[in-house]
Amino acid sequence: MTTELREAAGTSPLRKALETTTMELNFGPQHPATHGVYRAVLQLDGERVVGIESIIGYLHRGIEKWVEYRTYTKATPIFDRLDYVGAILNCHGYVGTVEKLMKIEVPKRAQYIRVVLDELQRIANHLLWLGTHALDLGAMTVLFYGLREREVIMDLFEAMVGQRLLQNAYPIGGVRLDFPRGWERACRNFMAELPHRLDEYETLLSSNRMWLQRTKGIGVISGAEAVALGLSGPTLRGSGVYFDVRKCIPYGSYEDFDFEVPLGENGDVYDRYIVRVREMRQSLRILQQALDGMPEGPLMPEKLSKIIRPPAGEVYFSVEGAKGQLGYYLVSDGTDKPWKCHVRSPSFINLQGLEKMVVGGLVADVVANIGSLDIVLGEVDR
Amino acid sequence: MTFESLMTYVGWPLIKIVILLGVVAFCVAYTVYIERRLLGFFQSRVGPNRVGPFGLIQPIADGLKLILKEDIIPANAQPFLFRIAPIFAIVPAFVGFAIISFAPPLVTGAGVVHPFVVKDVNLGILFLLSITSLGVFGIVLAGWSSGSKYPLFGSLRSASQMLSYEIPLTLSVLSVILMAGSFRLSDIVDAQSKLPFAIPLILAFGVYVISAVAETNRIPFDLPEGESELVGGFHTEYSGMRFAFYFLAEYANVVLVCCVATSLFLGGYKIPFVPYETLLAAHPILVSALGLAVFGVKAVLFLYFYIWIRATFPRYRYDQLLRIGWMVLLPIALLNLFLVAGIKLWLLR
Amino acid sequence: MSDEEKPGQPEPPAASEAPKAPEAAPKAASSPDPTASPAPAAPAAPKPPAPKPAVPPAPKKWEPTGEVVVTPVTEKLAARFGDAVQGVKSPCGEAIVLVKKEKLGEALAFLKSDADCAFDFLSNLTAAHYPVNDKKFEVVYDCYSVAKRHAVRVKVALDDGEPCPSAVPIWPTANWQEREAHDMYGIVFEGHPNLKVILLPEVWDGHPLRKEYPLGGPKEAAIRADKFAKPGYMPDDLEAAERIAEEGRRDH
């Protein structure tokens, strides 16, 4: 029963008769649309959500403790396990943090190679997100199309660093190997193909009335609210806030490239969707420029000791991860193991925005909103 | 009672029912197969192709698997209702086939006619509509007796969805009845020898297609199941053969809707402007076979369209679905009905 | 450095700067600190918390290397809060300030509301454990201004169990991050609307990111508790340890 009806009944005996209670619905942790072991306890008034409590931690693996017992080098692959569909970006965040702390100058060619792999990873992540998000809303075909293109990127990764999903792509200081022969051509072929594919997806979704009805005006969050809640990445930019770490706190030669930061207007599910789709196109632009302007030079700095032992002190460094601002807070005590490492994982913090988005909406919108946040539980729980 | 009358009233119908059940069950199983294959092609993958040539034995393997699986009854469930609910779902879906005439009657000798229909009821359409609406009981019972919240949600949604879409569906069918002047399906098919009703009744056809998708709980209207929201909807708690019943019921409904659409709107076994029944009157078996083939091709094309929809569209939200039913389809169906009635009256004048 | 008492290791005299670790130091974990810079070496507690019952090195305070970075923001903070704010050295040029706990809430609110600072985005909130420091815990706020595009890190030092004012009223994003810091370090945030476990199970014992947290779980904790109770503890007393651990588990 709606609140208005209840209030209209006033204190009459009718009110007692009309009184209803909310229903508690356990949404997850095993649920097809929670993208992992995320659990939301929904308070429902009919189909309407009146309250939500997020319960997380089912995938907590204690990565931050674990890292304290590894040397800096050995800690690198662990961070791939955070956001396992955007592993290269995690790796870049971590090695970038150590490099910043030790003031290592990464050679220009290595930086460009990192940009290439980063942007490929971002595209791969967004493709997978697009597919799963569309699947959440019932459009199953897009998932397979997205996976098809992602497969090409996985093959590129495999050729480049030998791994497909958890690549452990970068060592501290630079990159290990140059592009293998023919890799660049394969990459360019993919880059030529992808815009048409993106058009295809947009035909299926962006111009589809049902898609628009399911996404426009759903889960609206204003720019000010989004900033206050600490949202970042496409989720924040969907609300029209210009904050992209690649532009605002440039790292790894991103200032060399000419690209736009797509912004949404209303901060609804559709805007978050369209921002990500446009971001893929911008990533392609960056890729193009990076491959065209690839400088020659070494891949690792010349004077880098085998044992990484940063000076005592602390550092905070962030990259634009696939989900948002991926920050690493690292404390060194001068030994070869980190004293403390904290990951500011964008999924974890973006998930806080869910409550604001779903309360007042319907059950089906919860699914749309979780999808639009693009969370990966490996990163939420760490 | 003579043997002959026994055969006429009991024997032949029984034989027909058994044959029809077998054929329909077979068609339903292979509808699943066709759907999976087609979805595979739509989605740039292969689909089931491991069991038998082209995966043709896949439905049988699936059926075997489901029969052999454990039949779980949740602790919170109402065991009796939980057990019988799938029967409520599957029986109406199969009974509906009884009145559909799949081919022109087979004429063997003077006056001996074997219609390709279990029973050509003179109120056929009404029978069909009432029987298929019973199917919702299976879903509501399943949701209520499962003792779990997701199925409850699914069945509540299903009840309101069925209620909303039954009306435009019936109204669109009413205009067909007006056109044909009969409730009997064979008469309706005969009335379409010149022109399938889909062309003059394009509005009704559209309403019928959309409502039919909603009635059969398919994407974009598959809210009672709504996999990503309600896990499995009303059949979340079902397993094994009871789940298979729901599965079969859904696809039997799909096939039924295809057959009904073929009969009502696409001219059934008739080919427009080609009166093959009179041309080939010398070969009655050929006539029936051709009619069956024509019917089959139309039904399969319609089925293809159905699967195509599933591969393309996202899912509507619950409130949007109801809004479309009441605010869009119902007025269109009513308008169409008045138009058809008016034109008919004007022509009769 | 835990091994200050072993200075006699072979070490090439060239390796005097911090980033260049000496090539001749393969025994990485036990080699002495090569930072010959004026900054003293870091904490005395051995990193794996299982302590060798050797002579404990003299406790040394946590001291970062590098320079104190002064930015307009830190200047403004210093001007406003005076002694309550002091700069912290950073090895890589970040603006860091340590704020006294009493002034923390005020300082954070000032950072958010002041027109020149305008730190509307709390990028990161976490805590850290320094067992050798006077105040064992630090809570770290990484503030960023989306509008002004500048950053500052605010830290506050706390004793064990000393409550910290919550930043949730200032930045709602602090909500889950404070809950996480509460989980991991046991820091109590005063004024937090919903301070309960977030990443750990509800019945979890202890705070895993504290340095003394036993990696072996309750069993190791029990053994260690026993060990501290009676100095002559022998490792064959595992049954007793198991029993203690079992009792501990049953309490939940």
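The first chain written gets the first letter, and so on, giving A, B and C; residue counts start at 1 in each chain.
Going forward, a residue touches a chain if its C-beta (ideal position, glycine included) is under 8 Å from a C-beta of that chain, and two chains touch if they have at least 3 such contacts.
These figures come from a predicted structure and were not determined experimentally.
Enquirer: If each protein chain is taken as a node and each touching pair as an edge, is the resulting graph a line, ring, star, complete or other?
Expert: Here the contact pattern is a line, an open path with two ends.
Enquirer: Centre of all protein Cα atoms: which chain's centre is nearest to it?
Expert: A
Enquirer: CA centre of chain A versus CA centre of chain C: separation in Å?
Expert: 27
Enquirer: Taking the mean of the CA coordinates per chain, how far is chain B from chain C in Å?
Expert: Result: the chain centres lie 67 Å from each other.
Enquirer: Using mean CA coordinates as chain centres, what's the gap between chain A and chain B in Å?
Expert: Going by mean C-alpha positions, chain A sits 44 Å from chain B.
Enquirer: Could you list, by residue number, the parts of chain A that touch chain C in their complex?
Expert: 56-57, 60, 62, 64-65, 68-69, 71, 100-104, 227-231, 241-243, 248-249, 303, 305-316, 318, 325, 327, 329, 331-337, 339-340, 342, 344, 348-349, 351-352, 381-382
Enquirer: Going by the contact rule at the top, pick out the chain C residues touching chain A in the complex.
Expert: Its residues touching chain A are 1, 18-23, 25-26, 28-29, 33-35, 37, 39, 41-43, 47-48, 62-66, 89-92, 94, 96, 120-124, 126, 128-129, 140, 142, 146, 149, 151, 153, 171-177, 180, 184, 197-201, 208-209, 213, 215.
Enquirer: Write out the stretch or stretches of chain B touching chain A in their complex.
Expert: Contacts found on chain B: 39, 42-45, 149-150, 153, 219-220, 222-223, 226-231, 310-320.
Enquirer: Can you name the residues of chain A that touch chain B in the complex?
Expert: Listed in rising order, the residues of chain A that touch chain B are 23, 25-26, 31-33, 47, 134-141, 143-145, 148, 204-205, 208, 210-211, 213-214, 362-367.
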